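In structure tokens below, several structures.
The following pair of complexes shares a single chain, chain A, combined with chain B in the former and chain C in the latter.
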Partner chain A sequence: MATNLQFIKNLTPTGSSSSLSITDVFSAQYDVYVVTYTITTDSGSPKDVHLRLINSSDTIVTNANYDYAYQQMNNAGSFTETRATGQDKITGMLGATDFPPEGTAGKFEIYNPFSSSSYTFISQQASNRHNGAEAGWKGIAVLKETTSITGLNMFLSSTNPTNESYINVYGVK
Partner chain B sequence: MSGSLIKIDEEIVTSAVASVTLTGIDSTYDVYMVKLNNVSPATANIFRARITKDVTGTPTPQTTTNYDFAFKGFKTSGSFENNYNSNQNYIDVSDSYVNASTGNANLIMYIFNANNSSEYTFLTIETSHYAGAELYGNQGGAVYTVAEAHNGIQFYFDAINTDAGTFSLYGLNK
Partner chain C sequence: MSKSNKYGYSGVDIPTQAFQANVGKFDPAEINELVQEDKWTQYGQLELIETQTANSSAVDFDSLGSYNVHFLTYTNLTTGTNSDYTQIRLSNDGGTSFEGGTAYQRGVQYGGTNAGFGATQSTGTDRFRSLAFANAGTPMNGYVYFYNLGDSTKYSFITHQSAIGTTYMYYGGQIYTVSETNNAIRVLNNSGGSFTDGSISLYGIKAYS
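Entry: the complex of A and B
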């Protein structure tokens, strides 16, 4: 059987909320998913884009069970390693966004989200530009719960993603 | 259900060409993926890319000094490298020289918002190839900081022909 991506759902924000939830996208139909995204914000101040997962009760998982590690590769030359365990969110791994035409764009893979017997793992890559500086991002993360995950939540700490933003979710067949 | 990875353009190089251009990026998709397989230069050299835009019907590589990029260079001998630059007129896709014939550069690239004239064009890039006697690969990102509509991407070796390789462009349907 040929391998391919299968589109599941997309979300374009209205610009009125700092939090973007896309629900009912992970199921028993696929083990692996690809998420593509672009996030721009309505504030010129750079904002980290955070990630949490949503369980089968449509509740955002805020337990301190997220581990992550990522490399931020700045085009000015400083390459920064960020790592943390036991966090209540995946902090900043999706890149720092800014007012358009700057922002952050990337993709990540999610492994085993719907399974109630395995952890949910993530591998990620992005490119962003904020305050006139570009960076590449490469990261990994895990939710250390055998919770059945059916969606995801991207959010900024205060400002709102603009309607130039989008999240697209695909299943890998 | 049909797949969402839609092949838009493909160029298979079997004899020397100066560059390869993949076109067909438009407003249909937000995100495009490029797959390069077994790409080799005539002699070892650096592999580069530029995005293109339509100029009176011709996809034209953009050579303004508005490319920023930053990659972690993975290698099998020595320390990993921090590869970065700003305000260039190309993206250094490989940084290190790609060997002729045995170099076989391979790449997966995602291109975001290329046809959106309100956004910069962002790219994520993953590569692997042989450089001299060692395996080498870049992981990172790039951006072209001109908010205009683009229609493709051009790949080329610096001042050297491309002798072989398969270049494919896909759209991610939604």
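Entry: the complex of A and C
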């Protein structure tokens, strides 16, 4: 059997929705997944790319059970730290996006999403440029539910990711 | 679908083939054809492009293939100069020359077991800097993800992390703020001196639409 990184699914936005859902990507076949992404948008503001998970009923989990912490390493000025517990989404951790050629690009790992006996953990890293300012991003998050997770939802609060964006999901063997 | 004799079918509509959706009975020539068209299901999307031994002042990768995301690892990378930083430059002409100027930007965090944590940042410099840092003979290990190198409509982004023998870590994100196709990568040192040991591997992370 071939090993290492195994492609599962791609999503390229149509440009007409602020919300991007990828369903039926996490299963018993893998414990660890890698998601690569580039998000550009049709408006410079609002800019933050948020993340939620999708359960086995294909419902986006909006319970206030997300904890996260991340560091924003700005190319000028002080680095900033963001952390929160008991949130209904992972707010802004995937980076701040903008019109192309700016935007945010990165990857995150998801651990044990399909398990119904453990929490779902995420580690993340990104690089972004918004309105002329660049930053590196590094973060962690957890969904403190033993819900079986089968998909993910990336979204902006109102503006739409352009069709130059993409999300790719891989399983790690 | 089309009518032809193919994939074990004869005189009926032939199923459309795609990655993760191959239907029929395939002979070797048909498999080769589908592989060429990226329509054959074969797992292993972390595809090794090249591994090089680091024994010169610049290690160039000038055949990047067609990937949205590249992954570079370096193992026991060693420099012959004290206080040397590992760096990267991009090329838009296949490695004939490498871009300088002031279009590289970075925000990088570092930290060590025997020293404090700190920041290194820039709004305009001539290369991706501060990927790793070591004295002569100290091995550096780490990775770099490259995003959108081959997309002429986007900037080129990287994320990276290193673990260094002394023990230090560097991690962060950097951008080359020119919208162009970059088709070669150079790994080099701040000192201009040679790497004395180690290996560097470049992979493409294949995707299907």
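As a working rule, the second predicted complex is superposed on the first by the 169 of 173 C-alpha atoms of A that agree within 3 Å, B and C clash if a C-alpha of one lies under 4 Å from a C-alpha of the other, contacts with A are read in each partner's own complex, and residues count from 1 in each chain.
FYI, a contact is a pair of C-beta atoms (placed from the backbone, for glycine too) under 8 Å apart; a residue touches a chain by one contact, two chains touch by 3 or more.
None of the values given here were measured: they were computed from a predicted structure.
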Check your understanding: When the two structures are superposed on chain A, do chain B and chain C clash or fit side by side?
Key -> clash
Check your understanding: Is A:S43 contacted by the first partner chain B, the second partner chain C, both or neither?
Key -> neither
Practice item. For A:N63, decide between first (touching chain B), second (touching chain C), both and neither. Key: neither
Review point. After lining up the shared chain so the two structures overlap, which partner does A:N75 touch, if you call chain B first and chain C second: first, second, both or neither?
Key: both
Exercise for review: Check whether A:N55 is in contact with chain B, with chain C, with both or with neither, and answer first, second, both or neither.
Suggested key: neither
Exercise for review: Report for A:E102: first if it touches chain B alone, second if chain C alone, otherwise both or neither.
Suggested key: both
Check your understanding: Do chain B and chain C touch any of the same residues on chain A, and if so, which?
Key -> 2, 4-7, 10, 36, 38, 40, 71, 73-76, 79, 100-103, 105-107, 125-129, 134-138, 164, 166, 168, 170, 173
Revision key, fill the gap. As the complex stands, chain A meets chain B at residues 2, 4-7, 10, 36, 38, 40, 71, 73-77, 79, 100-107, 125-129, 133-138, 164, 166, 168, 170, 173
Check your understanding: Can you name the residues of chain A that touch chain C in the complex?
Key -> 1-7, 10, 12, 36, 38, 40, 71-76, 79, 100-103, 105-107, 125-129, 134-138, 164, 166, 168, 170, 173
Study note, to complete from the structure: chain C residues touching chain A in their complex are 19-20, 42-46, 68-69, 105-109, 119, 121-123, 145, 147-148, 153-155, 157-159, 161, 171-175, 177, 179, 205-209
Exercise for review: Give every residue of chain B touching chain A within the complex, in rising order.
Suggested key: 1, 3-5, 30-31, 68-72, 82, 84-86, 110, 112-113, 116, 118-120, 122-126, 139-143, 145, 147, 172-174
